[in-house]
């Protein structure tokens, strides 16, 4: 173990962060745990974009303190790795705050360390409801799957849709989405006529889509993680002519993730989705945010809800640190985070004082062409939506 | 009358429509040295495979000491004293000679399931292996890896592995294949030393060796037994001359 | 080495084979050095030790006995879940009991799957192992209510080790615990490999067709080592659960099966130490590269694999052996000694 | 009926994309896990040609096939040939290394997002017949799959090249003695394998999607086809692909809650019944 490990140590000295300054100049150290490699590497870049933009707008400081970012790569769902990295960030890098956290399992694992080390963790994406319940040192600025699925059900019911078929990817978030949708939809008087969970690595949707077509529901609600699955599903749905057969397609915003929408193509046109952020959200703040983030991210990355959450996470931390007067004590920061309310590029958001979870507006959008590019155009909204998973 | 050491009754083996072994009735008396000869493709190796349990017969039975072993696997027949060598070496390339022979000895002593003490610490095993290696005059190669040895030596190891299980019945499938005549003579001399009480069934091409070594000879043609007799009479049998010796000269 | 092997000399020459060589003893000082040299990296070192144990388990079946598998995470996962469910459902938090339960559960899984694994060989065997792994993963995914699915099983909390040492944030207890378990199981594996049983496994790998002719029930032996290796993998999984106090479905992931295979090949299969060296090398390189270049470390590690294969066959141990031979030959001036 | 059709189409796609592997792995005996990397190359070439340069779909597919073949030749010359004698484990490590490198390169060049593909109008939509609905693209896949199967069977199964290849693989020394240019035979065979991968990758984008993790995501599927079919047998690969396609699609339609269990169960059961594969030569 000796030699190789020494190389590791040497690298830390060379590339690590030196802790020089003290007193008021002592930096806020933020450990960002996210996917920087592998299929989900964009998530890490999105976070970086949001964080960098906020810091750029604030001279690289939070509440007057300089900021140091330590990035750690935990690609995909890798809780054991995430946990180890969190431990290292505490023991070695001595960070004051955890941030990032794209995948729920990783957030659960890091939440446990946060609790043990009394270091706040700001969840910038992971959307499983129980993350904030499990650890008192977690605050979330992103969303929960239930939070965006539930309004879709209510909206559908409002349109007079009675019979819905649900299709979700067969993993935790998929099941959460299915449950939340069903609960809200049935409560609003609708019926779920069929539901199916599809394997995560699923090359061919034809059988599922055929089945839906044969069932003839009024609408089909689907939830897939953003990436290859939504376009594959939409293509098959278009090929089989679901819309022509009078079956409406509704989904959560993952299906039309801003950063993948161009690649998804015209099959997404007309799709109704529910989510908390669209890059074409009508507000001055968003216009400025999106333009600046786009400039920062470069050509091949469209800033999405990941970047917004990262940006808001930094804003929340900034506000909290102002409240503590720059005190970096974990418990004090957590106290300060509770009940924060401020204007985000996505609209007004707040961190619930009780649950430390996000409360925000969820929008109903339709995929349309705006200036020649596909975009999620908001046309209806549900204000101050809480996570329905919380009591 | 005591049962023959090895016996087959109506033994048949077909691969698809090709009949490799056709109703073979073979009786090999205890202590005899029995050779099976026949032209290429006569089904000699198939016969050995059937006897040793590598193949299951299509029909017919195999008996050891009068007991039906047709349904027993290879290793179970070895436990009953029937061991074979292979026409093409089947050795343990990365083991030393001593290791592989010791392994075979350990298996015969029933130690193969012991998983705690090192093989090398079983004195009885190592002594027996060393003796066998010495007896076969390959002691100088004891600590060489099998893959590094010359072919002739490897051929002896092939036999050493079989002898390590102290067979009562030994099936030798062309033991001298591919080694020079002089060496094969020595090999057979050694074999004779080592297996005085062993029943031997020998498959061999070299007629000189067969006639010197065996006391009975069976001739296999087209999967069926043609003749069985003493070497001298087989050699002079007109049918044999025609189908076998006649062909052999062309080989 | 010429001359007659006397019946007594031969055993003497081999009898020493069981003793620990100086190089081995030196190797095992590394964990101690690691403790003092990298007190802040103990969680990483712990996971290296766990991965090493997992790779060791794979080496027992693949390197020693020659069974090809790309589904070894199945048993890692069974062990990890056993160790997680014990405290989560039964409230039994003792870590050592957890290890025993994990070993037992994984061994059972091994025993049950061994008939499937013994039907074919080579690629066919490989794909059966992939299938077993995938089916277990799917089963765990379907049973999210029981396993906690991707988000992890709630309530995995262990009591302090021997009632004295709790698993701390610095990972000190975890490190010592993992290393001691690794050493203990390595010692056992080392004995097993040198025993008659172990030698017969090597025989099966080198020439499976010959072994029945020596009286060896090949499938039974393979079933035993498969079960043993499953138990080892289960203990590795349990260690991961206990040292991270977390278990989720990713313990059963195909990635994990593939990664441990790569680690073993990288280190060199069949020598036991290859598994350890591979784990140390791969995890260190991975850690290092991921820190330097979090986005493209995969490129570099891929390149390393390619270079290793092209220029250093048989993994790190193979390369080390060649270098050792080269040096020995240079020093002794023996040229090609064999 | 539609389900059967979909199953066959899905199986044909599997066949198209795996048939190359039954050349490199099945016939040549290289554990070429990087097969998907060649398919991914084909996919990217096809998408770029279609999308950025507006090249017609058939030409783009041809370009994809040729570039994968070229990459195959280059890699064979440079590195693969040095692996023929190597142990299988080394081949595994090597080809996984190649996958990692190719994935990183793809990400560097095209970014991690999935690539869009726009098929020409004549390949889109569905034809409605009284008793069956036929997706045009799926019909295209079936036809293409059959064409490839027949061509392969002719080219490798019956011709002298096929005989030479088998000789070169089984007994390289003997083959050389017979005047066969073993090196060239291997290059050509490897090029065929890679070209088929490229072809499969190109026509597969529509259904499988395309992003840098492509080579790993579908690796298991390729292997299933080749192993279940029986190493080196195109007929086997074809039958296995279609069977798996039908089982998979029918399973998803009739018992959707079982999900991806089906494909693995089918595989394991088939391998338990016939360890050597459907059309494999039984080992003695």
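Order as written gives the chain letters A, B, C and D; numbering starts at 1 within each chain.
As a working rule, a residue touches a chain if its C-beta (ideal position, glycine included) is under 8 Å from a C-beta of that chain, and two chains touch if they have at least 3 such contacts.
Going by UniProt, the chains are A = ABC transporter substrate-binding protein; B = ABC transporter ATP-binding protein; C, D = Branched-chain amino acid ABC transporter permease.
This structure is a prediction, so every number in the text was calculated from the model and none was measured.
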Number of hops, subunit B to subunit D, where each hop joins two touching chains: 2
Farthest chain (mean CA position) relative to subunit A: B
Centre-to-centre distance between subunit B and subunit A (centres being mean Cα positions), rounded to whole Å: 72
Geometric centre distance via CA averages, subunit C-subunit A, whole Å: 37
Centre-to-centre distance between subunit C and subunit B (centres being mean Cα positions), rounded to whole Å: 40
Mean-CA-position distance for subunit D and subunit C (Å): 33
Per-residue multi-chain contacts in subunit D, two or more chains: 107, 259-260
Sequence positions of subunit C contacting 2 or more other chains: 138, 142, 296, 298
Subunit B, residues touching no fewer than two other chains: none
Touch relationships between chains, expressed as pairs: A-C, A-D, B-C, C-D
Residue numbers on subunit A that touch subunit D, as the complex places them: 38-42, 170, 196-199, 201-204, 206-208, 210-211, 227-229, 231-232, 235, 239-241, 259-260, 262-265, 300-301
Subunit A to subunit C touching residues, read off their complex: 1-2, 4-9, 11-12, 15, 36-38, 41, 44-45, 71-73, 77-81, 83-84, 87-88, 90-92, 104-105, 108-109, 112-113, 116-117, 128, 130, 134, 170-173, 175, 199
Contact footprint of subunit C on subunit D as seen in their complex: 25, 79, 82-83, 86-87, 89-94, 96-105, 107-108, 220, 223-224, 226-228, 231, 259-261, 264-265, 267-268, 271-272, 275-277, 283
Subunit B residues touching subunit C - in the complex, by the definition given at the top: 52-54, 73-76, 78-79, 83-84, 86, 90-95, 98-100, 102-104, 106-108, 111-123, 125-127, 129-131, 133-134, 139-140, 142-145, 148, 161-162, 164-165
Subunit C to subunit D touching residues, read off their complex: 116, 119-121, 123-128, 130-132, 134-135, 138, 142, 254, 258, 261-262, 265-266, 269, 296, 298-299, 301-306, 308-310, 313-314
